[in-house]
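Presented below is the structure to which this report refers.
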Amino acid sequence: MKPSRTSLKIGELATGQDLELPIFQFEPADITAPSVYIQANVHGAEVQGNAVIYQLMQLLENCELRGKVTLVPLANPLGINQKSGEFTLGRFDPITGVNWNREYFDHKVDVAAWYAEHSHLADGELIQAYRAMLVERCQIRLQSEWGVTTGQQQAVMLQRMGHEADIVLDLHTGPKACKHLYCPEYDAEAAKLFSIPYTLLIPNDFGGAMDESVFCPWWQLSEYVGAQGRELTVPVSAFTLELGSQEYIDLDDALVDAKGIMAYLSHRGVVADSVPAAPMQRFACYLKDYKKFHSPMGGMVEYLAKVGQPLVAGEPLANILRLDQYGSSKVLTPLCLSQDCVPVLHFASASVYQGTELYKVMTNVFVMTNSE
Amino acid sequence: MKPSRTSLKIGELATGQDLELPIFQFEPADITAPSVYIQANVHGAEVQGNAVIYQLMQLLENCELRGKVTLVPLANPLGINQKSGEFTLGRFDPITGVNWNREYFDHKVDVAAWYAEHSHLADGELIQAYRAMLVERCQIRLQSEWGVTTGQQQAVMLQRMGHEADIVLDLHTGPKACKHLYCPEYDAEAAKLFSIPYTLLIPNDFGGAMDESVFCPWWQLSEYVGAQGRELTVPVSAFTLELGSQEYIDLDDALVDAKGIMAYLSHRGVVADSVPAAPMQRFACYLKDYKKFHSPMGGMVEYLAKVGQPLVAGEPLANILRLDQYGSSKVLTPLCLSQDCVPVLHFASASVYQGTELYKVMTNVFVMTNSE
Amino acid sequence: MKPSRTSLKIGELATGQDLELPIFQFEPADITAPSVYIQANVHGAEVQGNAVIYQLMQLLENCELRGKVTLVPLANPLGINQKSGEFTLGRFDPITGVNWNREYFDHKVDVAAWYAEHSHLADGELIQAYRAMLVERCQIRLQSEWGVTTGQQQAVMLQRMGHEADIVLDLHTGPKACKHLYCPEYDAEAAKLFSIPYTLLIPNDFGGAMDESVFCPWWQLSEYVGAQGRELTVPVSAFTLELGSQEYIDLDDALVDAKGIMAYLSHRGVVADSVPAAPMQRFACYLKDYKKFHSPMGGMVEYLAKVGQPLVAGEPLANILRLDQYGSSKVLTPLCLSQDCVPVLHFASASVYQGTELYKVMTNVFVMTNSE
Amino acid sequence: MKPSRTSLKIGELATGQDLELPIFQFEPADITAPSVYIQANVHGAEVQGNAVIYQLMQLLENCELRGKVTLVPLANPLGINQKSGEFTLGRFDPITGVNWNREYFDHKVDVAAWYAEHSHLADGELIQAYRAMLVERCQIRLQSEWGVTTGQQQAVMLQRMGHEADIVLDLHTGPKACKHLYCPEYDAEAAKLFSIPYTLLIPNDFGGAMDESVFCPWWQLSEYVGAQGRELTVPVSAFTLELGSQEYIDLDDALVDAKGIMAYLSHRGVVADSVPAAPMQRFACYLKDYKKFHSPMGGMVEYLAKVGQPLVAGEPLANILRLDQYGSSKVLTPLCLSQDCVPVLHFASASVYQGTELYKVMTNVFVMTNSE
């Protein structure tokens, strides 16, 4: 089965040129499984997700599908095309500085009020009504007489597509990073299916990202009706997959991650074929234990700790080289932590200001035991 | 009286060079009035505040001072020196994209708990204890083992100086703007003293800016103890003065604003000499009525509405010129609002993407009657 | 008569999106006059030329045309859409740093060799053969197996269109500037027709700009055959019009410049209607007398000298404000020149590094007497 | 022996802060060998040269020196500190776009005239007089009443130090690159001493770089007097060492290159100790055979050819991935060359515009036979 291709206008440049997204869609005749929405490259330099979508579409063409799958590569055309020197300055809007992945809409649903009006509905209808409300609110958001920002328009148009799906995957990368997954705590079992060794378990807080914008309203609903004595499993799944390092395309590695996604889709019944998860040890920590380490000084950086490899307390993360201090002990300063950790990513450049985020590390890491 | 000059290290560059702030201080022998803290140029392109500090220091040298006055021009050395083409890219951190004026620390004081422990104190002692707590929390914030970002370090070091003063003025400008003042609602009378015709009355919400970081914790305290039946006027004043347009220095106009500040300081007793406020009609609106208008399309912009001049509903703010559409009606699109407003600022560039913030306008504007 | 509209692909972005130019063409049935090529906005922030083309096309629609007129607004889509903060970073390629107006192709024709082969041709045939050679060389340049840079491809595709015309106008602006014209010395009379008071008379040196890329090969031919005793007037005219300041659109002022262009086209017979030149005093200097003044120090700049207004030796161009030096004589430094000049443009930002080009000034200015 | 440390002011920022270079100098009491000047990090992201200087200074401290050695790490403080996103935008001046390594001064010495006046001098005196002239011209250049640009001031101050030495090493890196050396043709033997496998042999053309600015005037003199029948070996040596990839610090690898430099200095007698060149096969090509390959299309790039590894004609350099073309043959395009080559460097980002310089490759590569 071949996907259909459409496009969606999400903005206009100063020259008048349209900003358009390519949208690929696999729509089986007989739908019995959840629908899926996958996007990539919302941060301009994080290109590998496109390669994963490329490999995934080829796999999907050759399997039996039971749910609709929508794929949006190159999801931020303005960011992708925004070069600054030999680098893609696509992490934030070049005009406003706002991170493209913090522009999604916080519905701030008054769940109590909404549920008071809809509590009579059966679960299926309840879910349908709630989803319709989320989609409509995105629509209203886009139609403000005062307009919305460039980044909000793009984000809310993507989010609207996300709300219409049951499963949402947002494909990112770190700067220099090992593969890791942002997974809501309620969905921790899913983390054992992707080809990703490290998982961050995130709570029900909206921080502006796509995955949160999709699952938070549902999680809130689930918790609220739970408190009212009605059990309602969160009916959507949304994850951010961090597929290694930015500014890097590797088709072979993309196939590995495409197969991990297939394993998850197989598990969810979207793909009829049985695709096993890749065997690997999987580790996790809670988001509160995911720490940012900022450089205590300016200088040149020799990154010593490898991403994805455990680091014992007291072993150096990095050396700071300060040639201006040659002749003193400050010429070379090793930076260490006082606790064990797993470095997950580090800064992309080899020179930093004081305060530059040097490493992100997982602490209090635990093995995800296989409950199945 | 001449000011003393010291400097404060607030960061380190990649080359190892220190980032330093010049600090000027007038400290009269006999202090009977509130202390004052004034900073300028936190956004790199907003340079006119430096010229105002220059004129103000010359006025202060020649008057009788009764309170300590601390002045910090050039308050963001990294931002000021960050050029991009013929422009100063100093609105946000070039690495993270975070607005330099959204990095201040939200104390999130648990006012109830704090007051439970300190309610026995008399007003003077209560204020002293609360202030000491705010200063100490800034200090703790700066000493995190994980470090803080470049922008947080700069902001919290400025904020700590702000907490030590009774009056805080943060000197900014708009992109292309008329003069306007951000004034907390509780301090509206103060707005009649500065040489600024337009005032935005802001509520007790922390949005990350310097003025809010200073007054919000006090306003919260005042409201809380008020609810407990104890009257405590907010003991600090903090304002953001928007002194016209960025990328512009005008010494004569700086003198006008320096005199406006002198009128306020005179009113507060900091300056013994009587300095009258400049006679002018002053207008205000509430922050909720201060609207951002985003361009509904990409194109070239002819800005038609002048900043600081009322605009009747239906009159055009701007024309969007779209040469690619020559021959159709879309080649020239006038943009209008459906309500009366006062345009306060517009975008600095003459070409926009769809969604670029084109104008900020005041609606529901009212005259500030002179109650004195 | 309405223009036709076509488009030309001049590049491809990272997302795969085409970079396209809109091309408008007036082509009268009966052609008896020179052909004209006009482009605008090769530097991204220099947008006013688009407004001039807008006004000019409306004038052309209502006049009797005798020559073909090709107009290319928005000629650098990549540069126009490249924002950095509230500014258009469109002066140089964001990847390579190369000025978009220094990418034109230097034919380095071996005129002696070429003329040895073609000296038998009559003037008309000679011109036709030389033009065909220039166009073909552009074509070859674009077909290199190693490819050409993004900027070269754009430039050479524009240049090829320029070579096909007899009259080439390249519409630019300065940063903060008065109107001025780059005019080759052999064509000085033409400077009296545009609505532009200041003219720079440029010699036969190729510096990489569009106008030079068009006229230099012809000027070389003319000089060479002149030395061989054959008189051949340079058969092409090419000018760069600097239409005031960047980041600024003004439709009324655009009409003034459109009429100036009409006066020139009328003089050249392209427009049958008689359009007189606007009466104004016109001044000129030679390019060697057009001086760049670099700031001798870093600091904040109060621009004092107005562009387009003569400045007497010893009068200040600008003040440099250095708050870090408050208390010393260095806090305010006026910058003066030791000779009379006319400031033509100044830097766009109000803060500079040591060495930033602060002003460009004309020296040894003379009145262009009207020889007609 | 410990080096002395001084500093040199080479500019001033907008805040007034000085731009300073640290200068380290080893000056033996008894000088019998050529003097050496080594600088690093003129391009802001090319940091590894600092690490090499760090290792080299430690080696120099422990050897017997016979010539003066001057080392300038961190040679472009403005460029090093100029961040754009997670990258150092230090290849070109952020205001003007001019490459920091194309700002050196072209003396354009009228060698014939100069020699006419100085031909009576013996070789030693001739060299001394010529050197004094070059240094003085740099000085004059810096004292222009119109000032020089920020980049010219920095470059000419560095160049002046270079002219005072007999041996000049400029330490750079490529974007993603293997180690390679720019070596003037007259000095090809020297290429066998550094720990660098690939050499580009460059002719006597000034392109704006440091090494050329140092050796070109001497090469011209040597050639001119040679034509007059007087043999004068070029008395200076100047090389650009490209030490791998930018944005990368590796102290172990820096030691390898420091030892390579020691081998050269030992060969030249600067270091009394005998330091052998590292055994390795060394390859070279002429600069005319060093080719830039520009991407024929926009898209995402999978770099396939490894730098420093020979590539056979027809083997792919890279794949261009174009998700917007999924479903057509254009979704994946391998890019090949029709001749054998050694890829030396490739672009740093994994997405490109049409025309982006994708790879630089050596063609017509030959082995440098060891003549010793």
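Couple of notes before you dig in:
All chains are identified by letter, namely A, B, C and D, in their written order; residue positions are counted from 1 within each chain.
The definition used in the following text is that contacts are C-beta pairs under 8 Å (C-beta built on N, C-alpha and C of every residue); 3 or more make two chains touch, one makes a residue touch a chain.
Just so we're on the same page, UniProt names per chain: A, B, C, D = Succinylglutamate desuccinylase.
In this text, all values refer to a predicted model and were calculated from it rather than measured experimentally.
Looking at A-B and A-C side by side, the one with more C-beta contacts is A-B.
With each centre defined as the average position of its C-alpha atoms, the distance from subunit B to subunit C rounds to 42 Å. The mean-CA centres of subunit A and subunit B are about 35 angstrom from one another, to the nearest whole unit. Each chain gets a centre from the mean of its Cα atoms; for subunit A and subunit C, those two points are 47 Å apart. Shared interface positions of subunit A, defined as residues touching 2 or more other chains, are 13-17, 74, 80-81, 83-86, 88, 91-92, 95, 97, 300, 323-324, 351, 353. Viewed as a network of touching protein chains, the structure reduces to a complete graph with every chain in contact with every other.
Within the complex formed with subunit D, the residues of subunit B that make contact are 13-17, 20, 74, 77, 80-86, 88, 94-95, 97. Listed in rising order, the residues of subunit D touching subunit A in the complex are 2-3, 5, 22, 24, 44-45, 47, 50-51, 53-54, 57, 73-74, 80-81, 83-89, 91-92, 175, 246-251, 300-303, 319, 321, 323-324, 326-327, 331-332, 347-351, 353. Against subunit B, in their complex, subunit A makes its touches with residues 11-17, 19, 78, 91-93, 95-99, 145-153, 291-300, 322-325, 338, 351-357.
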